[in-house]
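Per-chain numbering from 1; labels A, B, C and D assigned in written order.
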Amino acid sequence: MRKEDLVALRDVSFTLDKGERLGIVGESGAGKSVAAFSILNLISKPGYISGGEIRFDGKDLTRLSLQEMSEIRGNRISMIFQDPMMTLNPVLTIGTQMTEALHAHQQISKEEARQRAIDSLAEVHIPSAATRIDQYPHELSGGMRQRVVIAIALITKPPLIIADEPTTALDVTIQAEIMDLLMELCNSSGVGLILITHDLGVISQMTERAIVMYAGRIVEEGDTKDIINNARHPYTHGLMGALPQKTTPGQRLNQIKGGMPPLNEIPKGCAFNPRCPLVDDICRTTRPDYTTMGSTRVACHKALSEES
Amino acid sequence: MSQPALVGVHDLYKEFPIHGGLLEQLSFENGRLIRKRESVKAISGVDLEVIKGESLCVVGESGCGKSTLARVIMGLIRPSQGEVTYDQKRIDDLSMGDMLPYRRKMQMIFQNPYASLNPRMTVQQTLEEPIRFHNPDLSNSEIKDIVVSVTKSVGVDPSWSSRYPHEFSGGQRQRISIARALAVDPEFIVADEPISALDVSIQAQVLNLLMDAREQRDLTFLFITHDLAVVEHFGSRVAVMYLGTLCELAPTRKLFSVPRHPYTQALLSAIPKLNQDSSEYIKLKGEVPTPVNLPRGCVFHSRCIHTNERCTREVPEIKVYDDTSIACHAVEEGRI
Amino acid sequence: MVAVKWQQFMESAFYHDFRRDKIAITSFVIMCIYVVACYAAPLIAPYNPYDPTIIDIMDSEIPPMWLDGGNSRFLLGTDAQGRDLFSTILYGTRISLTIGICAVLLQGVLGISLGLISGYFGGRVDSFLMRLADIQLSFSTLMVAIIFLAVFQALFGTELYERLAILMLILVIGIAEWPQYARTVRASVLAEKKKEYVDAVRVVGLRPVRIMFRHILPNTLSPILVISTVQVANAIVSEAALSFLGLGMPVSKPSLGSLINSGFEFIFSGSWWITIIPGIVLIVLVLVMNLLGDFLRDVLNPKLYKN
Amino acid sequence: MFAFFVRRLAQAALVMFVISVIAFSIQDNLGDPLREMVGQSVSEEERQALRDKMGLNDPFFVQYWRFLKNALQGDLGTSYFFKRPAVDVILDKLPATLELVFGASLIIIVFSVPIGVFAAINPRHWFSKFAMAVSTVGISIPVFLTAIMSIYIFSVELGWLPSFGRGETVEIFGGWTTGFLTWDGLVHLILPCIALSSIMLPLFIRLIRAEMLEVLESEYVKFAWAKGLSPKRVWFVHALKNTLLPVITVGGVQIGTLIAFTILTETVFQWPGMGFLFLEAVNRVDTPLIIAYLIVVGLIFVVTNTIVDLVYGLVNPTVKLARPHGGDG
């Protein structure tokens, strides 16, 4: 690490099985998007990975050349971005943006690529795919564009998809459709999914396992059900309590005091200690290690037991 | 409706023209010169009353006209047709001067905490301005006292008030924004998505703050949001809007337990819920129509699963069933 | 109060960035030297170039003192009329800088008012003003200025023209460049007007004029500051170009442009310094202003008007 | 498409109208046509009679209308100095100016796009830093100084290139004289073209770099990388087109400046083009020639701006030339 660098992620490690759906939750500034973009080494400059390794199919992705990385990107691991209004290039047709992904990774004729693109659009339930393919992005609605983005991500049939807040920019009814579509595609083709979101409801519906991040660190990891119903870390617990769904209408919500610290002011010891209701002396001095409790792995000196 | 309404809108329409000058309106069709004028129909015929002391939530997806409604009520934009009343008096056609007495009774909280404070004014200046404007007789020290008490009441340290907005986090800015609204001691507050730009844990803080203020100051709220979970928690009644029209208006608990309008049903089913594996939601057909070319008849008919021929032809009127108002032919005909 | 403001400035990110930027510091220092030197010209300059009694035609075309044939009386040599080049350049820079700054003040007053009007009222006034600005910009300042000055000169004769030259240059450059300010101000007024803090004060009930001047205008100052630096540089270049064409300052009271013009024919006979030295003085002046403009743009990072 | 043309046409008409009014008021105030025709010896009464006969005492609008009618027929009066129709005199010089502008534009386009793109793609490369530094200095050197310095270095000191004139030209179809077809003509073009392009080239390099950097940070370029496309495709297919869209618009605006700069360049190099002619006409108070120059230059602006708008509309799919407004986007 260089002097004066800001550390966005610290000591983050997790694994994902083939075909598994993993959720990464956290508030803004938690580092969840950085974690996801690091996998394909797509962090915006001047950011860089200062250490660690990312293994995919036995290869360390941090050591690949740009050439080798290009073979992974969009071919073995695809990404879906947050805002479908910004993700598609405004001056290229939908068809061009779809077929180029195929041409980049496969020896395929133009006609065949076009046909694959049309099939792929039909798979994400876009009506009259054969005419849509020659349109430009601005001719489609937000929900449609996100379908196109998903179609692009899936066109090469990759084993893993990373979706960065894929429904945040969309309306509730469209969000439901997109989530449904993603689930359907994951189930039918056995694609693995890393889903990054701040919405605990989405995580709960979409994933089997979840990671909770706070200030650049994983604070808790485990089966989604356990995280939602049986949070061990006081932060996760507080987050759940802050949800209106979990509180009787009209009652005050269970609030966590303060806010997420900026990257240059992360407290010593446990980063959550100034906001934590259970804070103790040790929390202010020592960074907690991970302890395993049931299905979950938690970084807390005061991790909550089953009953609390 | 036993109590009189504090704020009401009656037969409200708001259109925003999107055609440019004369030249942009002209086009050639079939060899003839045609002049086309287009506009976004943001609100098409809404009737709504806010009773004193209640918190009326308006929900709907983007483009349903809920923010426009808030702005029309606050007098930030003038309606194309219809009227807005406050205490049974019409206020939408008042001059700036005549509007002033209402200005201190009605305040607004905005969505984006990063844009709602003037970056070149300190918190002190931001908060003093409305107080001084509406109470020209107060002395400087009296004004300062009010600022201190109102900043305290929103949980911001008054000693920070000489700072500029960029030195505060999003949550703190939203508190300051709320303080500005409370500073003139209003009785009615329009909150336009006040927590949507905030993180979950901050949302809870701000929502709690609003509920405290509501109790302590006896406020009446019009709360605009797209987040149904918040509505269930905060609102006493809920109005659901779709493409500029009112679909359903009901007491909160009733709306969430027995939604009647097909759109309300779809909307409620689409909220991602904790501990629910598969997404059992009501799938809507087709695409959301644009507010430029509204569908004929019921604006929801192109996406509704209960559509029949009448829906495509006739605009449904609001009908009252017990304490619920619904605009739907299918409900009226007993098909749902 | 002033002390507090100064303290705030010293602690500001702006000053912090400035101190770390060597190019910005150097440019600023050179800029200051220019301003001090040219406005103190009567004190610094060894000769008064406007005084015909001390000019001796026998001294003409003496090279700078470090060259063969140089004379220690004339640091940078003399021009074709025998004036001390160093003194003439000091006085000339003063004229160039004065015209540049005054023209930009005029541009600013015109452009900011029209931009505010356009951005605030919108509608027909706005489309009319902006269409006008587009057309004028596409003709380019220099073109408008050349035609205007050329016609003026033809109309009133050279003699009257030479007397009014400074005023005319300020007027022409000031008026011809108003669209730059107007479009920048309008764009930021429109951007600010959309922000919720403006709605918030409208909800309070403040009058439009007060909202405009107390709330919106202070927030458009960064872009104004950024373009002002570059505009002064551009105005100086425009003035030099006009003077070079013989449409600006007369040779008897030369600006940098007319000095360059007067020396141009002598480069073929080898007396390059009469043209090249004022040329370099002009280039350095414009360069440091552009560099300061770049620095301000990078630091203040305003959304400038883009086509 | 219809609205586009009508709007364009209306704007062009407006511009030409403004120019014609300016031109007419110049004619009205500048120089007395009688003096040119009859000299000093004629009595005041005869002059008045002549004035009446020529319509010089008619109301402003009548005179303007007459002027406009003549102008539309291509008659802008006779040059006092050349004793030939002013339009003909100007058109004789048009090829020289247009070739100068063409040569300079060629230099600008050929160098600015690759250098700007390279500097955006490799911001830390020594060449990028060098190019940006040179560009910053470049935009600070006025065109006429570049011209003078290049003459001093390449003509006076080194003696490699000629310092004035067009050199040998040949006449091709319809009286157009070109310097592009002879060695001597080309050699004479080099310095003036470089001088004319000297301020625009750095301007465009900086503009293209800035736009490209912005585009490279966009979500859709990130998405293109995430698709595993080759760098070439990301840069030249995804980023470049979006970069050039705003550059085209700026280019349209800068054509005016380029033509204004031809006056400077032509003066320094004594280039026998319209700009040089115009300055001479100003010094001789040759009113018809001044007016003819104004109108020809106005036409050039209008035509080029229309072309630029058209190109922009064709390149940018979100601008619908075919329909008057943007639909639901």
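Heads up, the rule we're going with is that a residue touches a chain if its C-beta (ideal position, glycine included) is under 8 Å from a C-beta of that chain, and two chains touch if they have at least 3 such contacts.
Bear in mind the structure is a predicted one, so any value in this text is a computation, not a measurement.
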Review point. So which chain is farthest from chain B, going by the mean of the CA atoms in each chain?
Key: D
Review point. Which chain pair is joined by more contacting C-beta pairs, A-B or A-D?
Key: A-B
**Study point:** Centre-of-Cα separation between chain D and chain A, whole angstrom
**Key:** 53
Point to revise | Computed distance of Cα centres, chain B from chain A, in Å | key: 31
Practice item. Scan chain A for residues touching two or more other chains and write them down. Key: 141
Revision key, fill the gap. By the touch definition above, chain C meets two or more other chains at residues none
Point to revise | Residues of chain D engaged with two or more neighbouring chains | key: 327-328
Study note, to complete from the structure: Touching chain B in the complex, chain A uses residues 27-28, 141, 143-144, 171-177, 179-180, 183, 198-202, 204-205, 225, 228-229, 238-239, 241-247, 249-250, 252-257, 259-260
Practice item. Spell out the residues on chain A that touch chain D in their complex, using ranges where they run on. Key: 40, 42, 44, 66, 69-75, 78-79, 81-83, 86-92, 100-101, 104-105, 136, 138-139, 141, 149, 152
Check your understanding: Inside the complex, what are the residues of chain D that reach chain C?
Key -> 11, 14-15, 18, 22, 26, 29-31, 136-137, 139-145, 148-149, 151-152, 156, 163, 246, 249-250, 252-257, 259-261, 263-264, 267-268, 278-279, 282-283, 285, 287, 290, 294, 297, 301, 305
Review point. Which of the residues in chain C end up touching chain B in this complex?
Key: 127, 195-197, 199-207, 215, 218-219
Review point. Contact residues on chain D for chain A in the complex?
Key: 217-231, 233, 237-238, 241-242, 245, 315-318, 327-329
